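Here subunit A shows up in two complexes: once beside subunit B, once beside subunit C.
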Partner chain A sequence: MPIKQVHSIPAHVDRIWNLAPHPTLPLLATATSDKSAQIYSLNTYFPVAQLDGNHKRSIRSVSWKPKTGSNSEVVLATASFDGTVGIWIRDNDRFAQDVGSTGVIDDNGSIGLEEWEFVASLEGHENEVKCVDWSCEGTYLASCSRDKSVWIWEADESNEEFECLAVLQDHTQDVKHVAWHPNEELLASASYDDTIRLWREDDDDWVCSGEIIGHRSTVWCIDFDKRTGEGEARLVSCSADETVRVWSRQSMTGKVGSRDFPSTFRSDPVSENWQQEAILPQRHSGPIYAVSWSGLSGRIVSVGADGLLVVYHEVKKGEWLVIAEEEDAHSVFEINTAVWSKKWKSTAPHGQEGNAEKDETNPDNEEIIITGGDDGNINIWEVTIQK
Partner chain B sequence: MSAILSAQDLNDFIGPGLACINPVVVNRSDTNGPTEIQIDSSGNPVEVSVDDGLSNTTTTAATQLTPAQINLSDCLACSGCITSAESVLVSLQSHTELLSVLRQSRKDPKQVFVASISHQSRASLSAAFNISVDAVDAKLVTLFRDILGFQYLVGTGVGRQVSLAYSAQEVLLKSGKVEESNGPSVMHKRPVLASICPGWICYVEKTHPHVLPYLSAIKSPQQITGSLLKRLIRDERGVSADEIYHVSVMPCFDKKLEASRPDFATGDGVRDVDCVITTKEVVQLLLDENMDFMNISEAKDARTGGLQAMAPKLWPVEKSWESSDGSSSGGYLWHVLAALGGEITKSESKPTDLKVVPGKNSDMVEYHLVAIDGDKEVVVGKAAQVYGFRNIQNLVRKLKTGGKTGGRTVQSARAKKSSAATSTATLTPTEYDYIEVMACPGGCINGGGQIGAPTTDGDAVGLKEWRDMVETKYRGMRSSAVDRYAVQDWAETIWGSDIDSLVTTSYRAVEGFDAKDGVPAVLVGDKW
Partner chain C sequence: MSEPINANPKILSLEDLPTRSTASRDIFSDASSPKAIFPYSALDDAFPPRPLYEGYSSLLLLGENGLSGDDIDMKMAPELSSGESDVDDDDADFDEHEPIDEQEIYDLISTISDPEHPLTLGQLAVVNKPDIYIISSKDATGRRQKISRVIVEITPTITHCSLATLIGLGIRVRLERCLPPRFRIEIKVKSGTHQSESQVNKQLNDKERVAAACENQQLLGVLSGMLATCK
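And now, the complex of A and B:
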């Protein structure tokens, strides 16, 4: 198979629920059922911090706040089955220096653990919080829960005080996943009610602007296409119905952003129409727990209960091929999470770095897939297409 | 126009939680040895003793099993849902229940039927049928007097005036602006939070007991109206209180919950309000009887003695139909600040003014009471309207932490940057004297029991536009000022010295099943 495992980190004794690489730093966060989150360096694959002692139950999901504009802090949100969302900030005076730069590897592995501070606990959900995600600009934080609701929070500059902007209760079942659009303030949520809903701000209220019906069972995970043009939107979803589907937005009414005239004169509510663009080639037998859409190569990866890892490539719009497949990617264990990341650590054998043909346009040399499963391992993969 | 009542229509904005987790108490006896549950030939569940080989029983007695039932009291005592199970509410206090009580009463002509109508319900009917509020009132006279055979019909204005007057006094006492006199004796923390929204009360009692000490102790217009009506009608008719059946028409399903609170019943089970029906249930009731609200006639005598004749003799009839200044949720904040301003003007002889500071969204508005001293304006009181679940979330969180979201104290390295002065208000509960809290976005005028926007082609109206139309109808109602002292004098004359029993109530934490074992309840069939 044109995919190889380049590294494996025996990270946790308990299962790994979720993994999140930082959008701009070589950091990887894990969410585990041992009530902690760990931070790994993607330069060294060594742990640099352990965030524990604050959540009372499993951490289900982690999300990094994008570093934009004046926001210089490294901020992580953790969603826990204890019903809260935790906000953690790295102490900028005391963090492992190698993490910020590239290539400096401390060979003895005893990297001084970073200092992280637990700065806020967001209470409000009635029970298990399943997912958190920061919006593209880091303005909003979305969370969703078994209580069927999706919440939108806004942080102050210090990331310590949060205001609840919306409590969205349109889903009729457990909400599994939330994801923000890469450049619009558009939120998508996926649920045990088999639907995906879209949310945007209308006047001063967040409203359900669209609903995607098609999956025949729980929608476990969704991810937006990060390479779409202005005004366009596509997303990929995976489900317990054993399919991975791509949806695209056909039209939008009640154009938001136009504040020229008050809403009383705008009788058209904000709404968008989404259509199924493709069902990706079906490979999985069992619930598919995670999908990730690469911003670099445009490829999609999916993993699930069957232990299979599948990589898809879009040959032309709406037409997808499987280009790589790996069975038992976490031996006999279920795989809960898969995510594309920039490749920070060179994997070329020593002495060959100079000889390797440099092809800047070949994403295989620039991106990796990171997976986490019930075995508590983090596996790192590279797609190696031979042309 | 369709206003069919169904569980899906119930959109009180603090939604119910998951499924009902109220454990059903089973009275079992172990005398028959082990049993198992079977389904008999006609599909009914039966409990059958199992011969375990040890006992000598040879007959296998089958006991018919009855379905477990959850009643309203169970719901009120349970923390499972945030509000109660809708189906329970709808079956126990509904227009069908009312119709069956009315039919029963034909056998017992002694029973006296009394209705009280909220202002918001009249505005909703007025907007839905595109007629004036006066026309609505005249139709209501026909409906309740001539069609349903009620002896009494009043607006909830009098109960509201009493509620407003004592609410204002309560805040004045709290802020130290007036001396304790013979007013209601209440103790709580600042800010005072309005307690007339039953959805909000239920939410606090079940999930945020730390907020309880802030709640206003003053009863809602619905309950005060009920107490007064039963007292006056009992006396003037010479009937016993349990022969009076009081129906209240409300914009809100959770008012049914409020009416069912044990605090609002006497020891012998006589309730201030026997049945609450929502505005849309009034419409549905007529449809069920093959009538249409639009087609029932307007009582010609409504304004010429009709309404007068339908009220108890000591009832201030005009006031009971008139509205009051301030928000369409009853104007609590407005009256509290007006009273505060009145006291300041009296003691410091400075005129006062009210400044509106919009918040982040339309359901969060701050009001500043300023005393005018020459060309200077000094803020002497602050209050806020906090409507809708999202804003309530921020309120309860800030009351819990005293402003901070949580976490450890912040190190100086990350000292807070002073944010640029903004024109919008951020919620700062500790600075307020009073907060008008309502669970529904838009407040009571947008209650879950109100008639929805027309949806048929051609007539379709957006939700926000519809809310504005109903609000406009409400604003168009005649309103009268609340003379706090006159209202209190009237109430004390009617009620006597024990005014606390008319105007105050109390709240208590409802302990969850979760809280006892520290593990959230997991339901059968739940999936992560």
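And now, the complex of A and C:
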């Protein structure tokens, strides 16, 4: 198979639910059923921080706040089955300057872990919070729960005070996943009710602007195409119906320009029309728990209960081929999460780093896939297609 | 005390339950054994309903909230016992000469107590050996695939039994604790035996809901009581 495992980190004893690489820093966060989150360096694959003691039940999901403009803090949100969302900030006076090191070297010269501060607990959901995601500019944080609702939060500058802007209750069952568009303030949510919904702001109100019906069972995970042009939107979804599907926005109304009018005076309410563009080649047997769409290569990866890892490539718009497949990617265990990441650590053998200098035209040298499973391991993969 | 949902279920005699061999059947005829395995006697009597756990009604509401991580008021829930894993969580059985078979699955789950009657799921015919399937597949080269499926179809005693979700969860927890991780467990209501079949099936096989339910100490207490009669 043209995919190889380049590293494996025995991170947790318990199930890893979710993994999130920082958008711009070589940091990886884990969410696990041992109620903790860990931060790993993607330069060294060593742990740099342990975030525990605040959640009372499993941590299901983690999301990094993007660093933009004057916002210099490193902020992580954690969603827990205890019904809360936790906000954690790295103590900038006490973090590893070179994130490639194994942690902080203190005054005595010994190595310790970074200090992270638990700064806020967002309460409001009635029961398990299943997913959190920061919007592209870090302006909003979205959370979703078994209580069937999606909440949109806005943080103050300190990241310690959060205001709930909207409680969206259109889904008829648990909401499993939320994801923001890479450059629009457009939110998508996936549910146990087999649908995906789209949400955007309309005259200070957040409204459901679209609904995607097609999956025949729980939609577990969604991810937007990060390489679309302005005004375009595509997303990939995976489901317990054993399919991975790509959807694209055909049209939208009530957007730019009309925002200054109160919606009651407008004839074009905010709405978008989405259509299925493709069902990806079917490989999985059993629920598919995660998909990720690479912003670099445009490839998609999917993983699920069958332990299979599949990489898809778009030959032309709407036409996808499987280019790599790995059985038992976490031994006999189920795989809960898979995500593309920039490759920070060189995997060339020692002494050959110079020769293996980056070939910018080949994304295989630039990106990795990171997976997490019920075995508590983090596995790192490289696609090795010869061009 | 609430009325039991099915006050007068049909009960199988111990001798009629499937066992591995006549040799083990002989053990059953030993005067002391049946009580050790099934701690309830006088099986031919109509049973007075056992007092339900206080606050039990929240579990009776099947629907979408049946499997939940909500705190449920169950003051009388028994203590959670420890060390219930009968089999080490490893791949040891993969190369064993005697792979896990349907009888072994039956033995693991038929001794679970019904949440409502002082009887086992085997005695109530909620769990039946012909409704247990183990599916192991081979790849193109004839090599046995590492991952196998175990499918258990349960037969609720009545078609509107709102405890079906709880019973299914008990079976799933029992098997998850006892079987090696290479098994994918599917618990289903046998076709045509429950009015909300698809809803119950969807809940019982939703990994996230099951995981969240298993972090609910009150619910775990009830499950622990159901599993206390297992060998």
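Just so it is clear, the second predicted complex is superposed on the first by the 363 of 387 C-alpha atoms of A that agree within 3 Å, B and C clash if a C-alpha of one lies under 4 Å from a C-alpha of the other, contacts with A are read in each partner's own complex, and residues count from 1 in each chain.
As a convention for this text, a contact is a pair of C-beta atoms (placed from the backbone, for glycine too) under 8 Å apart; a residue touches a chain by one contact, two chains touch by 3 or more.
From a predicted model like this one, the values you see are computed outputs, not experimental measurements.
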{"item": "Partner chain in contact with A:Thr218 - subunit B first, subunit C second, else both or neither", "value": "both"}
{"item": "Touched partner set for A:Gly286, first subunit B, second subunit C, both or neither", "value": "second"}
{"item": "Which superposed partner A:Trp134 touches (first subunit B, second subunit C, both, neither)", "value": "neither"}
{"item": "Partner chain in contact with A:Glu117 - subunit B first, subunit C second, else both or neither", "value": "first"}
{"item": "First, second, both or neither for A:Trp274, with subunit B first and subunit C second", "value": "neither"}
{"item": "Touched partner set for A:Arg146, first subunit B, second subunit C, both or neither", "value": "both"}
{"item": "Subunit B versus subunit C, judged by how many residues of subunit A each one touches", "value": "B"}
{"item": "Touching partner for A:Asp174 - first (subunit B), second (subunit C), both, neither", "value": "both"}
{"item": "Touching partner for A:Tyr192 - first (subunit B), second (subunit C), both, neither", "value": "both"}
{"item": "Subunit C-contacting residues of subunit A that also contact subunit B", "value": "127-128, 130, 146, 174, 192, 218"}
{"item": "Residues of subunit A touching subunit C in the complex", "value": "15, 33, 57-58, 60, 81, 127-128, 130, 146, 173-174, 176, 192, 217-218, 240, 286-287, 289, 305-307, 328, 331-334, 374-375"}
{"item": "Subunit A residues touching subunit B - in the complex, by the definition given at the top", "value": "73, 83, 87, 89, 91-93, 117-124, 126-128, 130, 146-148, 151, 156-158, 160-167, 169, 174, 192, 203-205, 218, 263-264, 267, 269"}
{"item": "Contact footprint of subunit A on subunit C as seen in their complex", "value": "64, 68-70, 91, 146-147, 180-182, 184, 202, 205-209, 211-212, 215"}
{"item": "Of subunit B, residues touching subunit A in the complex", "value": "15, 17-18, 82, 207, 360-362, 389-391, 393-394, 397, 400, 404-408, 410-411, 413-414, 416-417, 419, 426-427, 441, 462, 464-465, 468, 520, 526-528"}
